[in-house]
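Chain lettering (A, B, C and D) follows the sequence in which the chains are written, and residue indices restart at 1 in each chain.
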Amino acid sequence: MKVAFLGLGAIGAPMARHLASRYTLSVWNRTAERAVEFARATGSRAAASPADAVRGATLAVTCLPTSREVEQLLEGPEGMLAAFDAGATLVDCTSGDPATSRRIAERLAARGVGFVDAPVSGGVSGAVKGILTIMCGGDESAMQRARPVLEAFGEKIVHCGPVGAGHAVKAVNQALLGIHIWSLSEGLVALEKAGVSTATALDVINASSGRSNTSMNLFPERVMTRAFPRTFRLALMDKDVRIAADFAREHGVPSPLLQLASELLREARRELGEEADHVETVKVLEAWAGVQVGQKA
Amino acid sequence: MKVAFLGLGAIGAPMARHLASRYTLSVWNRTAERAVEFARATGSRAAASPADAVRGATLAVTCLPTSREVEQLLEGPEGMLAAFDAGATLVDCTSGDPATSRRIAERLAARGVGFVDAPVSGGVSGAVKGILTIMCGGDESAMQRARPVLEAFGEKIVHCGPVGAGHAVKAVNQALLGIHIWSLSEGLVALEKAGVSTATALDVINASSGRSNTSMNLFPERVMTRAFPRTFRLALMDKDVRIAADFAREHGVPSPLLQLASELLREARRELGEEADHVETVKVLEAWAGVQVGQKA
Amino acid sequence: MKVAFLGLGAIGAPMARHLASRYTLSVWNRTAERAVEFARATGSRAAASPADAVRGATLAVTCLPTSREVEQLLEGPEGMLAAFDAGATLVDCTSGDPATSRRIAERLAARGVGFVDAPVSGGVSGAVKGILTIMCGGDESAMQRARPVLEAFGEKIVHCGPVGAGHAVKAVNQALLGIHIWSLSEGLVALEKAGVSTATALDVINASSGRSNTSMNLFPERVMTRAFPRTFRLALMDKDVRIAADFAREHGVPSPLLQLASELLREARRELGEEADHVETVKVLEAWAGVQVGQKA
Amino acid sequence: MKVAFLGLGAIGAPMARHLASRYTLSVWNRTAERAVEFARATGSRAAASPADAVRGATLAVTCLPTSREVEQLLEGPEGMLAAFDAGATLVDCTSGDPATSRRIAERLAARGVGFVDAPVSGGVSGAVKGILTIMCGGDESAMQRARPVLEAFGEKIVHCGPVGAGHAVKAVNQALLGIHIWSLSEGLVALEKAGVSTATALDVINASSGRSNTSMNLFPERVMTRAFPRTFRLALMDKDVRIAADFAREHGVPSPLLQLASELLREARRELGEEADHVETVKVLEAWAGVQVGQKA
């Protein structure tokens, strides 16, 4: 079976590596050298264009920064749209947005091509180990065609609903993450400023009802230690939170907290820059208040 | 050693019961019959007034709705303030506010009486079993006097900082709880409205970075089942969140998310009434959006 | 010169009437009877379809609920797009959104047809008298072609910038209106609840720095009198505010106040219904707080 | 008749000057030299302490930064409280807060002294010309005693309601001002960023429903010209907006927009510093978005 993979980024490359050992794989990447190098290392084929990559493939996987890039790869004489065989399936592992995905799915459907949105969570290490969680949206038949391929790099593959559902669930998860980070930052900064030991406060919260993955793992390991490893960029989290905010609005759901959080995280991103890690968000509140969490013993 | 306990409510009564078996206990309650009954059942003494309760006591414990009630019990000829022996200590287990507590502590200090704010978490069952978590604020010497008494009903007793620190930490925990409930509600309601299975979404979130005590325990057990047991009133959570919001402002800490959450939870309380459980907050978002979480299989 | 007019609603009909007396006019309306009646009364021609209306016209004017309807009129065998002569101009008086307008303009440009977005303000009476203010977006040459036609019903015709600029300026104006109404409501409701005469307060504000069109005209005439005439639907204002909110986000501009206002007005619309006037928004705050502005003498 | 004036700041001094020519005036100021100089220039008497100033006076006027300073002048052996004659009246022209004013009024009432809160608007020039607008709170009899004295520097003297009403009305006015500045900034910055002429947009808005004192006067004169004269400090406006926010909460009135605006203006103050003018707030949004309003012709 022929498979195509487009987008050999930090997380895409290890995902594609799992496919190279199982399928006849064509790869494409915007920076062509990466594809050439990857092909040489894995015995796959570097395609000259998106069209060249997907031509004759039963299934293509995309893993790009945003849905806009996916849509752009469809277009033009060298785009995927014209080159797909009828009956093929596009599986989009981008952390994209539901509205664009529905538009993409419609255009593909008009040519007899299936679509599944399938954003992943688990980071680079999850991709390397092939144990990603994958949130999928699409109809049952497309899911059936996508599942064996997704199992090459995913451990938990969840069908969430129609096209866009995968992106929506991922975006909501990221929005909760962003809100948890921002609100815990507000709370701890206020406690620090009042002379309360925030290490103690964090202990108490983690034994109480206000605890979260953010308070139990991220803050003790990254904020209290001031380690701030760069594992997931704030810029990407901000993008995802905005997707969730737009998604809620698109469906007419009141979401004042989510909308405000999206504004605040956008401002944090502006202040901290494109390379900052998502947990560094706390530094914005620290700067605004003029204290640093964890100083008060 | 003589101890006084004022405020035999749902959580105060089981706390006082632990003290009755260890100390010579005087109890007082606004509705006097409750105190009389409690005294009869436990072999303690029903006091005629706050002054009568604390006169001669080494340590007094208050457990009242808000700090305002504690302050009122200080006042007047039958109030605690005039009746305390110098050297006594007031331990306030109310979920109160830091600013009022500091005022109370100052007035007590002027008469040689110590003060510890010591709000609890763990609910009625934690009080009955004597395994509450207790967040304390006060100076070291007052803490030393309070600790043995607190150990009668507390398992984890944490000294968080100066007077008010206990109330502040508790309030921040509750604010996080409130924000987690509201934001998860926004997210799940939007997913439901978009035709996504929220049961599946909750599963995925609980395996991902956006998980919290709220998503892992409260929503699966109470929202997805529509059980909504009434274990902790929204009215009380709302009061606590407002305390956190005021606390952040008092210390000049920017807290847009917390301030907005406090407004939203106040409105939820108005819509759902004084008896609603805190997790029922999701119903406000459901009503606003015209869907019910968990309907889409 | 042949002109087409599509959308004979409350405000479109009187606008079209000004054109009927000056140009050879074809009119189209979704409910065909309206077009037939209008044509009979004004000596214009009722077109059978959007294509029929614009065929051979030098200039077409649309006045529809949202940009989505305008876009839909382009499509299909009976749509405007295929029927326009090269060199024609579409002038869209809809209170639409900049992003859709840019998309429409691109599609028209590909066929040699110009586009101007030209939303109006001044209400039905301004349309009848032909004294509307018209905010325009488009290139200079399209503006030159549009201006003589716009002068038939507009008094103040302002070229604000490129395609979408007219819609953007209108949306920002509406957003300010919505924010003024909501914030004045919050303030007056709080004063009323505190036992302050809101009539007096309004007088003072109107002599001070916080005054606005809303405080000087809308509230004295409509709220204090409880007259609440239905001149402009909240549903339409809400739609416009959401356009402004999306516009700010599209351009990466932080806009926390605007985003929150959009959420609040959406909720007000849900509570008050589709027919409520925009100034009735104050009733939501009154209901939430349990008072009515203007009761305290 | 003997009158006292405490607080000879930028606005207090010209107010006091109007009193010096009509009454036997004692003045007090924290920095004593100012009082001595003022007394020499106006033929009034420089008092040695607040007590000295009000002793024997029928009426005292305070004009201080916040209500907290007024409350502090009451205290101690050299404070006003002990020195006032029964039957005297304190008129507080501070832009203070209703809650503190009610507390002050109660303490004064216990000694037979009346109280009126009477914040002013009209700026230094209004004070010099004696044409201030004065918003008053207090009972009818205190108002009657205050009015003749207030007429020395006020043109429009309005009795708004019970004690605190003057402060509340002033605070709400300032909150509207702050919200108008912030929201117009969001809107114009977005338009500028989208390539729309903001000068034109401002013209259109000022002919439309979204106009306000801010859009008609402040922005054309100060922002579009980049003149930014320093006439009223952002720090003071921010203080007033926070008073309004606390006031709304104290009375249980939902006020999400006001609460968020207060957070944003506090952050603007932190970024721009204590000396910035209130209209400079627009610079925060400009910096966040990376554009300057008024650049696009």
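Assume a residue touches a chain if its C-beta (ideal position, glycine included) is under 8 Å from a C-beta of that chain, and two chains touch if they have at least 3 such contacts.
No experiment lies behind these values; they were computed from the predicted model shown.
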Worksheet, complete the sentence: Across the interface between the identical copies subunit A and subunit B, with over half of residue numbers shared counting as same and under half as different, the residues used are same
Fill in: Farthest chain (mean CA position) relative to subunit D
A
Fill in: subunit B-subunit D separation of Cα centroids, rounded to whole Å
38
Worksheet, complete the sentence: Shared-interface residues of subunit A (touching two or more other chains) are 252, 254-256, 260, 264, 267, 270, 288
Worksheet item: Contact residues on subunit A for subunit D in the complex?
Response: 256, 260, 267, 270, 288
Item to complete: Can you check the complex and tell me which residues of subunit C touch subunit A?
Response: 242, 249, 252, 254-256, 259-260, 262-264, 266-267, 270
Response to the item:
Note: in the complex, subunit B contacts subunit A through residues 98, 121, 133, 135, 137, 156, 158-162, 164-165, 168-169, 172-177, 179-180, 182-184, 186-191, 193-197, 200-201, 203-205, 207-215, 244, 247-248, 251-258, 260-261, 264, 285, 288-289, 296
